[in-house]
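This is the structure I have questions about; it appears just below.
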Amino acid sequence: MAAVQETVDHVKSLDVTEYKYGFFSQFEMDMAPKGLNEDIVRFISAKKKEPEWLTEWRLEAYRRWVTMEEPDWARVHYPKIDFQDLYYYAAPKTASGPKTLEEVDPDLLKYYAKLGIPLHEQELLAGVEGAQQRRVAVDAVMDSVSVVTTFKAELAKSGVIFCPISEAVHTHPELVKKYLGSVVPTSDNYYATLNSAVFSDGSFVYIPPGVRCPMELSTYFRINEQNTGQFERTLIIADAGSYVSYLEGCTAPQRDENQLHAAVVELVTHDDAEIKYSTVQNWYPGDAEGKGGIYNFVTKRGDCRGKNSKISWTQVETGSAITWKYPSCILRGDNSRGEFYSIAISNGYQQVDSGTKMIHLGKNTTSRIISKGISAGHSQNTYRGQVTAHRKATGARNFTNCDSLLIGQNCGAHTVPYIEARNDSAQFEHEATTSKISDDQLFYCMQRGLSGEEATALIVNGFVRDVLQQLPMEFAVEAQKLIAISLEGSVG
Amino acid sequence: MVARIVSTRTDAEVSLADTFGSAKATLPGNAVVKEMRETAFGAFAAHGLPHRRIEAWHYTDLRSMMREALPLAPLPDVRALEAVRVELAAAILPAGPRLLIVDGTYVPTLSDALPEGATVRSLADVLAEGRADLIDKLAAAKFAVGDSIVALNAALMQDGVVIEVAPGAVIAEPIHIVYATAAQTPVARFFRSLVVVGAGAKILVTESSLGAGGRVGQTFGALIFDVADRAEVGHTCMMTKTEPGSLRLDTFIAELGADVTFSSFALVHGEGLMRRQLFLRCVGDNTKAALNGVSLLKGRDHADTTLDVEHIGLGCEGRETFRYILDDSATGVFQGRIRVAPGAQKTDGKMMSRALLLSDDVVMNNKPELEIFADDVACGHGATCGGLNEDQLFYMQARGISRAEAESLLLEAFASELADNIGHEGLTAAFRAEVADWLAARTVKG
Amino acid sequence: MLEVKNLTVSIGDRKILDGLNLTVKDGEVAAIMGPNGTGKSTLSYVIAGKPDYTVESGEVLLDGENILEMGADERAAKGVFLAFQYPVEIPGVATMTFLKAALNAQRRQRGEDEMTTPAFAKKVREAAELLGIKNEILKRPLNVGFSGGEKKRMDILQMALLEPAMAILDETDSGLDIDAIRIVAEGVNKLRTGKRSFLLITHYQRLLNYIVPDTVHVMAQGKIVRTGGKELALELEKNGYRDFVTATAAE
C-alpha cells in the first residue's frame, strides 16, 4: 500500500535515465592478467589455495570449454564477445581471504552502505524501527571475492554453514566435493563450463537435517572493476527436513562497455527439505540508447533429490543489457515440487530471454510456473520454458501461466514453451496471453486523479502481484520500486 | 551438445540428389522454372533433411526417421488408372466436382469439369506456359523460408492442379481434390497445387485420399491458396488411409487479402509418419481466419501439425484450435506460432491445443509460441494434455454405461466438438464417420 | 458551477453531441434523462476527459475555467468525479491500495498533505459501513469478481472519499435491485452538502424517487431538448420519450 506512494516519489526524484547504483569506487585491486588460458585457471586456483582435485576439475572444464561454441538459440543479439579481452580475476586487495567484520576495510563497508546493504550486525540488530526489522545474514561478493559474511557465528549455533565457497573448499571439503557440479555438471553448457573453469567466489550454504534456518540468507553481488567478468558460484544444500530462504541481489557501475556475468547456482534438496530462492536482479541495463550494460548469462538449477522436497525460484529481473537465464528444477524425488515465479521487465534496448525448465522424473511430482513479462521502449522480452514428464513420472502435474504486457509500439513480447508429456497420467495445463494496458483502466485511474505514469505503475504492479507475493516482504517493497523505475519514460 | 556436428549426408539425402539429377531434365517447366528447381534443390542440399536442431522440426527428426528415399513415381499406366476409376466410383464423397491426382499426376480423364466461374489446369501445363503471376504465386517465396522440405517439393514437383476462381464467383458445391496411388512398388510423389480466389468469390476445397491398397509410399504435397479481398474460402483435408511405414509431408500455404473469411479443418488419422505444416499470412485488414484440426493416433503413428500464423494487416482475427487423441505408442506434435508484425494493431489471435492421452506409451509434444511486435493486441494460447476425466467416467458407469462405452462417448465428444467448424453438412458427416471408425477399431484397456 | 456551452463532439466521423448547452449551479442536483443512444454517457465521458472523443467546438467550464484541455487526472483534482456506468476491473491492485493512491494523488495535485494510513483506514471503514461494503471486499483487487451492485457501491464509496465538487453519476441505478438503489441513494444524499453539485444520468425515473433532483433535463439526439423541475421526470415516466425523439427528428 505504502509502496505505491514510495514508488511514485522515487520516480519523481530520479532523472529518466539515472541508474541509482551506477557509481564506481576506486579500490586497490589484485588482478590476474587479461585473457584466459590454463595458466590463468591455475592462477585463480592458486590464489585461493585450492586443493589439487579442484584445480584439476577447473582445468578439465577449461579444456572442454575451448572445444565448445556459444549457444545461439536464444532471441538475443550482441556482438561477439572477445573472451581474451577480459580479466578473470579481480579482488580488492584488502579483502583477500575471509575476515570478520572488524577486519573489513571501513571503506568497503561504507561502499556497501551506499548500495543499501547494511553489513554491521549491530546496526541490524538494533534496527531502525526496533525489533520489527527482520534479520538477514549477508554474504557480500565484490568482483571475484567474498568481502564479508555476517551472522556466521549465530548461524553456526544451529549448525547452518553460510560462508564464501572459497572458504568452504577448505573448511568443508567433503561437502563441496560431493555436491559441486552435481546439479550443473562442468559439461552443461558454454557459460556454465566457463564458470567451472574460472569461478571466483560465491556463497556456500548447508542446512543440516531437520533445521529450519533461523534467518534469511542473502548474497549481494557487485561488479565494480572495469572489463572484469564476474563468475560466481553458489551452492546450497538443504539436508533432509530442512528449510532455507535465500535472497540474491546484484548491481554494477554504469559503464559504456558491456560486462560479462556468467554465474552458476546449484541447489540440492533432500527428503522433505525446501529451498526458497529469490532474486532481484538489477545489473546495469545500459543507457537509453542501449550502450553498455551487463551480459547476464546465468545457469541456475535445483535438484529435488529427495522425496517430498521442494524448490521455489522467484525472480524479479529488471536489469542487464542481456539476460539469458532459466532457473530450473529437476523433480527427481517422488512427490517433489518445483515452482518458478518470474517478473521480467525490459525497457530501453534491453533483451531478455528467460524462463524455466521443470523436468518431472519422480512419481506424483508437481510444478507451477507463473511468468509475467513486461516490455517497453525498444526492448525484446522472451519467455522460454520447458515442462517434461518422463515415462516413469506418473501423476506428474504442471500448471503454467505466462502473461505479457506491451507498453509502446517498438517493443516485442514472445513466448516459447516446450510442453512434453511421455505418459498418460501426466496432466499439463498451459496458458499464455499478450496484451497491453487497457485504455479503460488507464482512464478509470486517471479519472480518480492518478497521472498517466502513476496509473501505469499501479496497473503493472497489479499485473505482477501474483509473483510479488512470493517474495519476502523487504524484497517485495524493493521490487515494487524497481518496477516503477524500470518503466520510467515508457509512458508516452 | 554445443559442439557443432559436422554432418555427412544420409543415404536418403544421397538418393534424393540422385533422383533430382536424373529427373530434372524431364520434370515440367520452362527455363525460368528449371532455374527455380535448381535453386530450390540447392537450398535443400545445403541444409539436408531437417532434424531436431532445426527449431521448426524439433519434434520430428526427419533426418533419422526417413531412412531411405524412394524412387520418383512413374506416370500411371492405363491399367492402373482403370483400377483407380473403379475405386473412385466406390468412394463416398459429398456432391461436387472431383479432381484426381494419381501418384502426383493430375488425370483430367478421371476428373470433372469445374462449374462456371472456376477453371482448372494441370500444374505441368502452367509451369510449361510460365505465366509470371502464377509462377510467382506457386513459388510462394515469402513462406516457409529456409524449410528444406518445401524446397525439396519445389525442386521435384511433378504435377498438381491450378484452380482459378473468378472475382465474385460463387461455387456452391465443394471442389474435391482426390489423391490416389497406382504404382505397384513403393514410390515417392511430389505434387503442388494452387488455388487463386478472386475478390469476393466463394469456394470450398477439400482434399482426401483413396485407399493406398496396402502400399507404402512417400508423399510430399503442397497446396497454396492465394485469396483476394472479401473472398470466403473453406478448406478441409482428410489425411487418412496412409500405411504404417509410409511418410506423408504436407505443406499448406495461404495468403489472405482484406476482409477475407477463411477456415480450414483437417483430420489426421492415417498411419506412419505424418506432418502437416501450415503457413498463413493475413496481409489485408480485418480478415478472419480459423484453422482447426483433429488428430487420432494409435500404433506407432507419429503426427505433427506445425503452424505459422502471421498477422500483418490491421484488426485481423485468428483462431487456431487443435485436438489430439493418442493411444498405444503414438506420438503427437503440435507446434503453433502466432506472429504479430510491427504495426499489426488490434490483432486478436487465439490458439488452443488439447490432447487426450490414453496409454502409458504415448508422447505428446506441444510448443505453442507467441511472437508479438505490436502493443495493441489481444493474443493468447493454451495447451493442455492429460487423460480422460475419471470423475466423468465413473459418473457414466454409475448410470450403467460400460467403461468402454463411456470412454467412447467422451472421446467422440472430444473429437467431434470441432466438427461444427467444417461448415458443410456432407463433409461433417464424413468426418463423424471417420471418428466413429477410429473409435470402433480401438481396443479399450482395463 | 459547471457550464457546458455549445458542445459538439464526435467519435470517428459520427457526431454524438450537437451543440449541447447545460448549466449545473453550485449545490444543484440536476438529472439528465433520455432514450438510449442520445449521447448521455458521451457527455459524462467528455466532461471527465476520456481521450476517445473529438471535441469539434464548444467549452466545458468548471467555476469559469475551461477544463477541456486538461488531462483526466487534472480534472479529477479540480473536483470532477465520474461514477462509471461500467466500473473497470483492475486485477492485482487491492481496493485499499487503489483508494489511497487516488486520494493522495489528488491531495498532492492540490498541494495538500497526504493522509496518514490510520486516518485513511478509519475514513474508508466509516464510509464503507454506510454503504454496506464488507471489509473483506476492500482487500480484494479493485472490482475484480465484484457483483454489479458491489461495483456501483464501490464507486459511490470513492465519491465519498474524494469529496468532489462536481459528481456525475452515469446510470448508477442500472443493474441494481431496490435495496441496493436505496443504499446508493442514501450515500449520495449524505453528500448533498454545501456547494457540491450532482449530475445524475439515468434512463428511468426510479432513481429520482430516492435522490430528488432540483432540475430535470431531457436529452435527445445530442442536445438538451427540455428542462423542467422534478415533475418532468414523472411526466416522462408516463408518456415515454417518443414525443421528444420525433420532435427533434422533425427539426
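By letter and in written order, the chains are A, B and C; residue numbering begins at 1 in each of them.
What we mean here is this: contacts are C-beta pairs under 8 Å (C-beta built on N, C-alpha and C of every residue); 3 or more make two chains touch, one makes a residue touch a chain.
Since we're looking at a predicted model, the values are computed, not measured.
Most remote from chain A, judged by the distance between CA-atom centroids, is C. Per-pair counts of C-beta contacts peak for the chains A-B. The centroid of the Cα atoms in chain A and the matching centroid in chain B are 44 Å apart. Centre to centre, using the average C-alpha position, chain A and chain C are separated by 48 Å.
A straight line joining the Cα centres of chain B and chain C is 56 Å long. Note for the complex: chain A touches chain C at residues 1-2, 4-5, 8, 438-441, 443-452, 454-455, 458-459, 461-466. Interface residues of chain B, counted against chain A in their complex, comprise 1-4, 55, 58, 342-343, 355, 357-387. Against chain A, the residues of chain C that register as touching in their complex are 48-52, 71-73, 75-77, 80-82, 84, 87-94, 96-98, 100-106, 109, 114, 117, 141, 158, 162. Partner chain B is touched in their complex by these residues of chain A: 67-71, 73, 189-190, 391, 404, 406-436.
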